[in-house]
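Quick one: this structure, given as structure tokens, is what I'll be asking you about.
A, B, C and D label the chains in the order they appear, each numbered from 1.
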Amino acid sequence: MFLDSLAMIALAYIFGFLYYGLYRNISARVHGRFGPSLAQSFFDSIKLFLKENSTNFGWMFYAGPIIMMIGAITTLLFIPYLNGSEHLVGLSQYGNLILVLYLMVLEPLGNAMGIGSNGNPFGVMGITRGLTRLIGLELPFYIAAIGLMIANHSADIGVIMTNQSEGYNAFTHPLLFIGAFISFLGFMGKSPFDVVGAPQEVYSGPATEFSGKFFAIALSQSAIFSFAKLLLMVNLFLGGAQSLVELVAKTFVLFLVAVLVGNVYARFTTAQSVEFLVRVPTGIALVGLLFV
Amino acid sequence: MIEFLKKHYEIVEKAPRLYKLQIESDKLVEILSSVSINSNFITLSQIACTDWIEDEVFALNYILTTKERDKNLMVEVRISRVHCSLPTLLNLYPQAQVMERDLHEMYGINFRGNDTLYDFALENWNEIPPLRREFDTLAYVNEHFDFRIGREDNKDVKAEVKRRKAQAKESKDGK
Amino acid sequence: MPENTQEGFIDQQKVLDNEEYSIKNTQSIIQKAVDWFRARSMFVLAYGTGCGAIEMPPIFTSRYDIERLGVVGVATPRQADILIVSGYCSYKTLKRVIRSYEQMNEPKYVIGLGSCTINGGMYWDSYNTIKKLDEYLPVDMYINGCMPRPEALIEGFVKLQDNIRNAKSEAGYIQYRENNAFYRANQEKIFGKNTTPTFEENFAGMNQ
Amino acid sequence: MFNFAMTPLGNLFFGLTLIVFASLLLIKNERRDLPLHILLFASLGVIFYASDLITLFVGWEIMSWSSYFIIAKSARIETLQKYIIFNLAAGFALLGAIVLIVAFAGTTLYGEIDFGKVPEALRVPITLLLFVTIAIKSGIMPFHYWVVDTYEESDHIFSAILSAIISKAGIFLFIVIFSQIIGYRYLHGSLFDILAWLGVITSIVATFKAISQEELKRLLAYSSIAQIGYIVTVLALLEGSGIEAGLYHTIIHTLVKLLLFVNIASIIYITGKTKFSQLGNLLYDYPALFILLLIGIIALAGMPPLGGFNSKFLIYTTLLEKKKALLLVAVMFSSASAFLYCYKLIYGIYLGQASGDKEGYRELPMSFYIPQFIAAIILVLLGILPSLGIALFNPILGSLGFEVSSYSSLFELHTAFASFNGGVLMGLFGLVFALILLLVTSMRSKAVKVRDRYDISYCGETPDPQNNLHYGYGMGQELRRISFIRVILENSTATYWEHISKLSGDSSVMVKKLYSLGTQYIGLFILLFFTILLFLGVR
């Protein structure tokens, strides 16, 4: 089980960074550029780990990135990778969807704690924007999750995943899927919902004081965490995957859509994004919930 | 508009759409408020200062612009260089705050009633205000900075440039 | 190594051109790998001090696309590796530049962009513009011109990456740490004392 | 005359009371009136162990009055008026319901009351009267008007008692009356649906109100209202699992609010300041208090791996089982919004930059730590052993005649929908934390501690104490830009109650006019009155 979990984390780390590299490449192509090499994100993170010093604001600042990392890793370990496989399941038999939904909030919390302790007002502004966005962001995703849980009469991710043999939830519950997908775009931190670290508005937002190894941990956890979110979407709506290849294909498709949407939309303000999320995807998902 | 003002004040037309009015410093606020009420010159676009060190005065030009941005009125005030002090125009034009602060820093003019006259662009400046003409910029620079040892052919090239231009002209005319 | 003196700028240029001064041979393999990563990934704090700031945005556009080289812009000095001082520095600006530089984490490099950072440029007789940036901050790469084109800036980046990768000379931040008294004295000469938090305060924790 | 009985339910509530009172009485507090506190404690005992309605009512009234006198020491007169009017109304409503039940059932003893004897037409009014009592005591909208001011203005320690225990008296009454005395089969389900929605709406509104508060205790008061909203919602499902979830949340909320109120009382004791805009950056001065508050808010937000998650989990699965999807959406929405006020609480006090100097701060007595430690330890323990609560509730459910839920091990919380293992979760958290800490500390990169708190990257500027860098005050203000939240924040039930008070004032003025007309008119009125009586008598 330990090795299994380690393998899950390693895979998520590698795929997360590869996807991030792809994201930069695809964005570059959309802009008409060549973009950096695929491994550029690895280089960045390794370089940050190798910085000779990094600024420290006290023990809570130390603990903040660690809590973020815990949030990402625990979320990942409670989501099984493959459908019906004995490997790469992590601790998923000890958890369920509600637990995962709550573990996903741990990362913003760790972020908030670490950034609050450094006393930079820009960081806290970013955090407040993030937590405000979370109000709108979680609503459609929760509705979709509730719909799926009621439809499958279980909150077990594995059960929801295997119950899709006749048809993917994305097609049997399309409205729920649309609602959850818009919310997922926000979870990935892409435009138009990237209000948290908007450099034009709040300096660098939450990351303002993160440097060196702290920033490296923040980057790594965000790579792991975004892969976990992709995984959750695939498991809930696209029927999971039988093999790693299928998993990569499905997550990549989802990721590609998110990237392309992010590249063509301008950013909402915080209030706009909450209002949009509460109106449009929530409305869609609620209609979907009525059909369930 | 301008006709109305011409009835009351001695306004000179310096150029098309540019008028000038010279007043005493103690009537500044009174006249400017009257102008802003009775005419279309409602915007203070600039306060320009000239240091007439030979006459021992500063000449301040309050440049007013009409609402339509088509005419300018320069209201000139002359004050002594020694006790340079003027009433503030903050109550009439809020934008005067920055301009007055700038003038205070660059010329050392005191604006009575403006309490924001602290450091602006020059932080911790302890010398003579730098735009007063008695401030010797070159001496200050030579005292405070080392110059990089640079090109050896760093010579006065004015004569050479003149010669080359003349040569070029000649060749052009020759053609 | 030549001293960082009045002629320091010229002498360092000689060092860079001369292979036998290189400190590459004294380095371990791990250090070489570390340097490779540092050269491959550069986060730039583009401090727009003067008119040179307008030459920086084009390098991120599709025409020049400096992201190919691993160069990315960041907003905060905490994450930056490279500080670009783009053009003339007045006293007020220089104070902020030094503050930003000291908040950056080592290793850190400075690029001086434009003639003004080298010798004051057209502001050579201005009363509040500094003439030589390397008196106040260790400059790793000068790019001359008024203004240098974006191509020149890219060339500067490539040269700097080359210097880092091949460890041709001691990086500026080490000089800043070791000859701090020299830089501090020059800074105090124009600022007076206690105008920025001192270097010793910021990095006192280093020895703990 | 007075009848008492030891029931498992009473034991649970009395146990909580005991924990709260015992730990709070240890705190040295010169302003405390000990006899009144003992009276209050005794009255709570009477309520929880009563086995007839009259005893329950007597205990209820003593509780209201003794807490009135305690609050009266520090509160403003308007607050006291609000408190007493609302609680008298609650008492009257309870008395009315009891009188109606007893009049038809013929007995006051819990066990012997047969609600079936009450005529159909009276069942709904009785239920409504009981709703009013419960809603006032636990602060369900629109009857929460008295709660916030009272919590804010009473003694800092007593606020903990108010929030942790006295608000739970309403919950206790709910369970006892509706499941034990009346019995669910006689109840009108749609009424309870409305109550469930009232509970959820209360929690959403109170959550947003809490975010926009500037005073520490007002934030907690609104948070208290919001949390009790969940309990009422889940109890109003009239299900065994609902009672289980409600009881679990009651325990968690009691512990959390004990912890948070005492924590804030400590901060107020130390600093003498009560607003977010005056505090900040106490983290490195009082690390123990910070960690305790952190545990408190993690449990309050219902995040794993602490006990708070268990009750949230039970609430969600209960709602899922009953297929109350919309209700569940609303609960989850409120619960997601609660993160913001949780963060405001911890940031405003402990994180960020200090606003103002730290002079004149007092030393904190150790006794302030005891209640917080007790609550924190139980919360962590419940996080590791989630089924401990289930083990505790099974006798209660059994005594109330519901199906008892089973559990295989204490580590695992099992429901029909899903299960999770608290032990694995906590172990995972510990393991990952240790591993990453090891990784971080063994890295090549040195962590250089800044000497000056103001050495932040602030666009090249060097901020100093004159710059206000604390964001605690502004947090939540910008929510007004979001239209539906603005509607919540700008409206208040105060206008509604003010309208009612104006109406009653006007009518009393009219009555007063009758008296001031003169003696001959009064004689006329008396004559008129008797004429009408006579006329009615003839009919």
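Remarks
Here is the rule we use: contacts are C-beta pairs under 8 Å (C-beta built on N, C-alpha and C of every residue); 3 or more make two chains touch, one makes a residue touch a chain.
Not measured: the values here are computed from a predicted model.
A comparison of the A-D and A-C interfaces places the larger number of contacting C-beta pairs at A-D. Put simply, the chain nearest the middle, going by average C-alpha positions, is A.
Centre to centre, using the average C-alpha position, chain A and chain B are separated by 58 Å. Distance from the chain A centre to the chain D centre is 34 Å, each centre being the mean of its Cα atoms. Chain B and chain C, compared by their mean Cα positions, are separated by 37 Å. Multi-chain contact residues of chain C (touching two or more other chains) are listed as 76, 78, 103, 105, 205-206.
Listed for chain D are residues 446, 448-450, 457, 459, each touching two or more other chains.
Across the whole structure, chains are in contact as follows: A-C, A-D, B-C, C-D.
Residue ranges on chain D touching chain A, taken from their complex, read 281, 283-284, 287, 290, 294, 298, 301-304, 309, 312-313, 316-317, 320, 323, 325-326, 328-329, 332-333, 336-337, 339-340, 343, 346-347, 350-353, 417-421, 424-425, 428-429, 432-433, 436-437, 440, 443-450, 453-454, 456-459, 469-471, 475, 478-479, 481-484.
Across the complex, chain C is touched by residues 121-125, 130, 135, 137-138, 140-141, 144-150 of chain B.
Of all the residues in chain D, the ones that touch chain C in their complex are 446, 448-452, 455, 457, 459-462. Taken in their complex, chain C has these residues touching chain B: 6-7, 9-10, 90-92, 95, 118-120, 124-128, 130-132, 135, 189-192, 195. Contact residues on chain C toward chain D in their complex (touch as defined above): 47, 76-78, 96-97, 99-100, 103, 105, 196-197, 201-206, 208.
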